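Worksheet for the structure shown next.
Letters A, B, C and D name the chains as they come in the text, with residue numbers starting at 1 for each one.
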């Protein structure tokens, strides 16, 4: 038994889900991620805002009919009352529903695992962050890329000082699936992502730019002081940006660029992070996530692999298989769930969350929404330099 | 809901496990693979041949004490009798135990999911193949690389004739972890793999050469007529080969080479397959498994990605996430389990296994053991050309 | 005989050189480039501003003593008078000497092949562009990356409309050799490049940012309307930028980013260009220059190779060897020289330069210096949006 | 001035050429290679066995009419007599003419630079090796891949012991250009290469298999004791092999495989060498020749670049430009020419060839022809193990 499989295991945590019914991409991802390490069991769901679809989806997932709900509030109320009700809930709706859904569960002490961006608006983000801080329950945001072992490794290397003082950060997340007007082709995924009412004021910048921002923040620990953003909607008639270019000034003097796009043909999910200090550089790519390229200045570049020579315990503890056997997106996502499980079990036992257990929180979520908000504000003002609110 | 997550799901299949206790690598892999799509639930185990370790391991995995067994025969007998006993068993012991363990379950009608190579000896392989053929239960061999979506894609492309007549096949599987005498360093994994009593007459050729052989057979459908093998044990004192070089002559005139090594520094699990026909070529690498390189002769090479443009339904049905989000080793492994689940459910319903459900069988397992046997025989006779027995 | 070797060849063009003595990197490159296709013969030089070094360098290169000059003006005057004097001169000094040197030759009707950036200051660039326009002689600027066959291919593909309307351009040119204060370590190359008196107001942006800018302009044909630039000098005490981040707004609505750095450990000469239109995308990397990645939207990415399937005549005419045999930096550089030779021979014959002969001109050089000037102005004004002057 | 450009340079060596007229690929390569470092000047030629073509080709290359010969013997005789006759000759004919041509020049004391394989038959190879040994003139064989800087680096690393004892060598050289019957399409290159009368008994194995063999011998210094070869002609009607698979047993116990093919779609010139010892491994690919991958066992893989950190003087002395600026096939080829020039100049000065000057000799050529001969003999005897004659 190795990696995530090693611990003596109590019964799985009882999980509910809001959203994630038929045709939803991210709901399926959350369910698989919750299963991989055996730490959760899905037992209840309000899987769609359309009652019929909610019930069909519940049946398709093998949920008991009496735990398939038409709306999340009803689920929160009943699950909170029944014996063996859910201990945690995954919220995987479009962005604008994150806050109202999270509120119902947090205030009843049910832990929340919420998809990103945390909310569709900055006021909602502030409210939710406040609520999460005051709640007895945990709030976990699935900025899943922070679950990749080699991202953990990169973060530790930066923190160790092996790269020296960080000077330059280049982050990018190009995709191509919105190159044409998918939203007018009955593509549900495209429809809500390009709709301000459901996504918020950021399109591409909110959907994937936040991932790039969260990733660079997680790895470098740098704080953005001001940014200048150019958001563009290239596809005619699209009300939200599908391409975002951002310049970043960090506290301490480092400089960065961030590019996210959904109209860059040939890119699938080409999230990439490069970090340069005065002693060395790092490069990581999501599409080849088991490898971290490390160059100590003046020496040959090293190819460090997950669980391989040169990778440390911080990566190994979130790994499952030997080097050369690729772990992927779902394992990285599962690491967030498994960290959440560790935190929930500590919480249930009245113990503090152990320091090695790391996951994105409501504070990170607020920062992400502030980032989107700042990008939108900057872009509206001719890419002026603005602060994160 | 997409991919493997889509089906309306009955209760998970009740699974037992033989082997896979503490320090076992492949047991953990099987457990994760069995969980990913939610089709199995581990409820019983004979996890070690050492009783104390068996019990500790069972507890660590959350098994009920009365379903934690000291030996597999006792497990087979009791689970066959009790209500809600296991429906299937995963056998993940060293090779020499595969046959005796599988026998106990197959003869009681319990489906068997068995690690590779199928057995440590050719006589055992013949017995087990016969038993599996006569048994009412299913026998699934975890040649897991056949579960990778782009391998399914490659197989279909070869079958479609898009590559023309296959002329040349180059398969390789180099590793480096046995470059030094790990087996004398208290490494359990190395110890049994280099011990003829537990591994059989093939070392590297049995452990990973069989994977390369199985993969090329699966993708091309070609049948080896004769082979010439050079097996070498480079590490002093090692009784089994740690490097294997094989030339292959296929029925119909195609020619191939196969190289497997465990002493090639810089290689982790660099399984790679290249197939060339008179109309085109294919290349696939396990460490970058979401990509298939395809060259129609006279045209630029195409980079076909899992679920991306150019990949078909045969890959999509065993995929879970969009292109650019890497699926890895565990998802490929899980695909074998999920195909097994589909077959088991069809079997339980009295229906034939649907034609699109594909997994390695006892016949493939026998072929693999025949391949190892032929390589050993050839190597002992100065790399003479021999037939698969 | 293939490629650049095919033409019936008159005597080589007599070439002089200004700069490029001992320890000069780019002088040696120009000399090799001028020799590769046999179109030039170096016969005279003012190789250093230090007379002794000039003579030593001339001797080392096998120049006749009477054609080894202490200063470029003397060379221009005498070579213009003697029988069989030079027909063309290569100017490979630090930037600030380009204009005064070029002037002496242009006004005497000697063709000039000049390294980039064209000048160290914008007024000099304007004067030189005017001079070049009015001169009877040719002025060729060695933005050598435009000589790479696959860059020619990319340019033609964009022009053909196969990518549709260009929306996004991402250009970058990171290096790492100035990560530490090389200029204080007696490194002549570093010394002049970080000295405003010799380089001009741009450091990294002038040295390599101009290459990235020239490349994107050459390939896309897009015109920058305004830009916003953030120039930073990270190494303490360095008076010129060693990192430059630029946002670009093109006429017609396309958007771009350009990053150049000399403090990015792990990068040697990682010039890279990505171009995205509404019908497809392209990617090219200088360190792997024989490959162009092309994605028609909705189809698999193609790997197009120099002289290989999918590459056209525009690349073939500047190629020498078959696909799979890499041509590199020197061949790309040589292509500029050979295009220059074709233009010079046409000029000497009183014919117009054939339309397929393509090389960077003084107009491109002026644009490059305007780009550097605009970046410096923008950066001084808090990265304000500025026009190219 | 750096690299190959640095030496104080006497007048270029006067070079003649046999073969290499119109439509000949390798003649153009030799001419460019001879020019790159300015060490040779082509002044005479017998460029074709067809007189008219010989004269046209001479004119096209700017040779004086009286130094354009109809046959090589006439050229050898006259050039040996005239003042300022050629000092060296490049022989770039089809294989069967190498020996008769070389003989005429060697016996007149004119240095010979000869393309590979050295001859079309083993008896010729023996005669030529003897002649070269007895001649006062030098014989240089253009196994050009030994000229790549990173191959020099690899060779030195093996010799230094940093890889430990070499155990396994994997060499391959796949191409695809003969996938169809090009020889019947009026392709001169294909015609002579598939014609036993001009190529000798080996097809693919002689044309490119020898390169792979020479490369592995050069880098490892290992000596083949016996080999087993499977040569196949896949294209109907082709009298020579177009695919070759070879197993190698080296003195000292190392084992190897060699694969060369001209019918592997998707491969252009994918020469690749992998060397594994008990302390580390190396990998090099001709299509990315500036990089050497080095793994010290138990440490991360290093990416060593030409002239970059980790590469040594042995590579730097045959390099021209900084790391990250790719040098390619022609520069590697030029290195053979420039080593030849160094040897010729030492010879002319009555000095021994300096020990750092390295190039393939007639002894290497004989070994290569012995290798082809052994492969043919083995293949004819059912891939029996044979010794190099």
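The rule we apply is simple: a contact is a pair of C-beta atoms (placed from the backbone, for glycine too) under 8 Å apart; a residue touches a chain by one contact, two chains touch by 3 or more.
Which chain is which protein? Per UniProt: A, B, C, D = Gfo/Idh/MocA family oxidoreductase.
Being a predicted model, the structure only gives us computed values, none of them experimental.
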Between B-D and A-D, the pair joined by more C-beta contacts: B-D
Chain separated most widely from subunit C, comparing mean CA positions: B
Chain centre separation in whole Å, for subunit D relative to subunit B (CA means): 43
Separation of subunit A from subunit D, taking each centre as the mean of its C-alpha atoms, in whole Å: 55
Set of subunit C residues in contact with two or more other chains: 267, 294, 301, 305, 308
Complex interface listing, subunit A residues touching subunit D: 294, 298-305, 308-310
Subunit C residues within the subunit D interface of the complex: 1-11, 20-25, 27-29, 31-32, 35-38, 57, 59-62, 175, 177, 267-270, 286-290, 305, 308, 320-331
Residues of subunit D defined as touching subunit B within the complex: 167-168, 170, 172, 176, 179-180, 228, 230, 232, 234, 243, 245, 247, 249, 253, 255-257, 259, 261, 263-267, 274, 276-283, 293-297, 301, 382-383, 385
